[in-house]
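For clarity, chains are labelled A, B, C, D and E in written order, and residue numbers in each chain start from 1.
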Amino acid sequence: MHVLPYLVAVWIFLVGCYGLATSRNLIHAVGCLAVCQSATYVLLLAVGYRDGATAPVFSDVKPGSRPVVDPVVQALALTDVVVGATVTALLLALVVQVAKRHGTVDPDELSELRG
Amino acid sequence: MNGWILAAALVLAGGVGATLWGVASGPLRRRVIAQNLTTALACPALLLLAQGYDRPSYVDVALVLALLGPVGTLVFARLLADELTGDPPRAWGATWAVAGLGTVVVAILCAVAAPGRATAKLLVTGVLLIGGNVVASRALAGGFGGVRRG
Amino acid sequence: MNRRTTLLTAAELLGWWAALALLWLVFISAVDTLELAVGAAAAAVGALAAHAARRAVTDR
Amino acid sequence: MTDAVIVVALLLVAASATVAVATRDPERQALVLSVLGVVLAVLFTVLQAPDVGLSQLAVGSAVTPLLLLLTVRKVRRRPRRKEPPP
Amino acid sequence: MNRRLRLWLVGVGGAGLAALLVAACLDLPRFGGDRHPYGDRAVRASLSRHTANTISSVNFDQRAFDTLGEMSILFAAVLGCVVLLRQTRDEHRDRPEPAEVARPVRGYALLVLPVALLTGLYVIAHGQLSPGGGFQGGVVAATALHLLYLGADYRALERVRPIGVFEVGDALSAAAYLVTGLAAVLAGTAFLTNTLLPYGTFNTLSSGGTVPLLNAAIGMEVACAVVVLLARFLDQAVEIEQDKGEGEVRAP
């Protein structure tokens, strides 16, 4: 239990990288990149967790009455989730352009077209 | 020992585990149904967690899931309509069973909470969740006819 | 645009506004003046959107 | 008991991430990715980060699948300009 | 480089990376440990400025400059999409066809659209109190609008979505964030410091100084950005068709 969350984050990252490297479709590759991104969120939040603590949001609990988890890593992950989605959209826009120019979204065919 | 969190863990392990298996394999009609049921199961689990951690503000997460989960299923129903019309998914038994689970969870949580705003919020979440999932199921079973381009 | 449609539009907007304002009161945890003002404004935005959406779907 | 639910959520996330990568068809992958989004949101809530869970839900449940499926539709509709060399 | 060689390279590199990462994990502080020096200080700073949601305080007060960076990434990504997905010379627009939607689905979409919009606004407005904030609420509000595409058709969505207004809104809200930061400079302190407004009563809408203002600016920015992004993708997928070109055969 002491390292399980970190190992899960490592697993998600490696699996995503494997998918990226072996992908035969650029849209699938963008999906794999989204999986890789989620590994970072799992790692960040795991680092910030504290046993038996609750969220540092004091709208319904009295400050100081319960231990709280680390808000800094949560803030980092939160902004990146939304910004990461727009970056995914940018990559998908690139895929649409590639499909228009070359008529294929298979990375292997693309490199053959160029070379 | 916190029974609420235990119940949430059971719903997650049994229910969401099963729908994950459903979305991972089989024909497309089974996968879209499993995706819809994931929402319908995760939302009661989130409500149970909010009660288990004794944090009413966590209900907001369940509320947003109850709103946007069925919208996500509608996205699939709309854009995969061509492939689904030939082989429409029909899983009303599972849909109503999961809707029943959601109803039971919301009813129990309303019963233990002191009547007030929090109860009303729980009820709104429950109505949105169950209505949304039934409508999403209906949309999957041929809600979009004759969309060729648009 | 005759008198009847104007009245109907006003009734529709008012109905949506009241329903959404009630929903806002359900969402929030504590009530104060600023909260009510923000809620009324948000409900007005929602009512306008509801009306525009209904019209976009039915009148064409 | 809190540990048990964390372990369950972690295993669900690991499994759905693996499935998302193993599903090669982009339309089916979009379905798995939306499930991954919901499971991640549950994990974040369990790790006491409801803000991040909300963020993940907002993005993962409707917007990302919509973007992916629209891209698939655009790319599919395009007739091939050149046949790939044999 | 052929496929087989590439797979071998990925395998060897991946194994090395995996070994390094696992070694690093074993050296990390134990999961659930009690030592969080930054977190404890952030919570104290947030409480001293009367912000109930510590995460919002970190995002829009203690690390507001960092959020400015995130916002510019978002802005740049949207700009990139708009440029990449514009209509080119060899393309034309076809009018989208109306879709036949089942009655309950259409009714659901019309009913939930305002409710989702209100929820999005609620999540934005209560960003500094309960879980939520501009980033999340903006996406929820923008998604709400697209129920009109799902429950009806693209023509209906185009009628309620003047895209120019959302593009201007995107730029204006980005500017509003900067102006709020610069106002602090004019008041004699550093860029984006939260000393401009009174901190207010703890756990009310007006608490937290400039946090609610920056929060609202980000909410509007994100909502407009998502609407503009999805509009470009919908245009491409539904409306824009390539003209008949070299060697292409289009179905009649």
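By our rule, a residue touches a chain if its C-beta (ideal position, glycine included) is under 8 Å from a C-beta of that chain, and two chains touch if they have at least 3 such contacts.
Quantities reported herein were computed from a predicted structural model and do not represent experimental measurements.
The chains that touch both subunit A and subunit E are B, D. The chain with its CA mean position farthest from that of subunit B is C. With every chain reduced to the mean of its CA atoms, the largest distance from subunit D is reached by C. Counting C-beta pairs in contact, the pair that comes out ahead of the other among B-C and A-D is A-D.
With each centre defined as the average position of its C-alpha atoms, the distance from subunit A to subunit C rounds to 38 Å. Distance between subunit B and subunit D, defined via averaged C-alpha coordinates, is recorded as 16 Å. Measuring from the averaged C-alpha position of subunit B to that of subunit E gives a distance of 24 Å.
Across the assembly, subunit D contributes residues 2, 22, 30, 48, 50-51, 53-55, 57-59, 62-63, 66-67, 70-71, 73-74, 78-79, 81 that each touch 2 or more other chains.
Listed for subunit B are residues 53, 55-58, 60-61, 63-64, 68, 71, 75, each touching two or more other chains. Among the residues of subunit C, those in touch with two or more other chains are 23, 27-29. Applying the touch definition to every pair of chains gives A-B, A-D, A-E, B-C, B-D, B-E, C-E, D-E. Of all residues in subunit A, those touching subunit B in their complex are 54-55, 57, 59-61.
Contact residues on subunit B toward subunit A in their complex (touch as defined above): 53, 55-58.
The touching residues of subunit E, when paired with subunit B in their complex, are 94, 96-102, 104-105, 108-109, 112, 115-116, 119, 123, 130-132, 136, 140, 143, 147, 149-151, 153-155, 238.
Subunit D makes touch with subunit A in their complex at residues 2-3, 6-7, 10-11, 13-14, 17-18, 20-22, 24-26, 29-30, 33, 36, 40, 43-44, 47-52, 55-56, 58-59, 63-64, 67-68, 71-72, 74-75, 78-82, 84-85.
Of all the residues in subunit B, the ones that touch subunit D in their complex are 1-2, 5-6, 8-9, 12-13, 16-17, 19-20, 23-24, 28, 31-32, 34-35, 38-39, 42, 45-46, 49, 53, 55, 57-58, 60-61, 64-65, 68-69, 71-72, 75-76, 79-80, 83.
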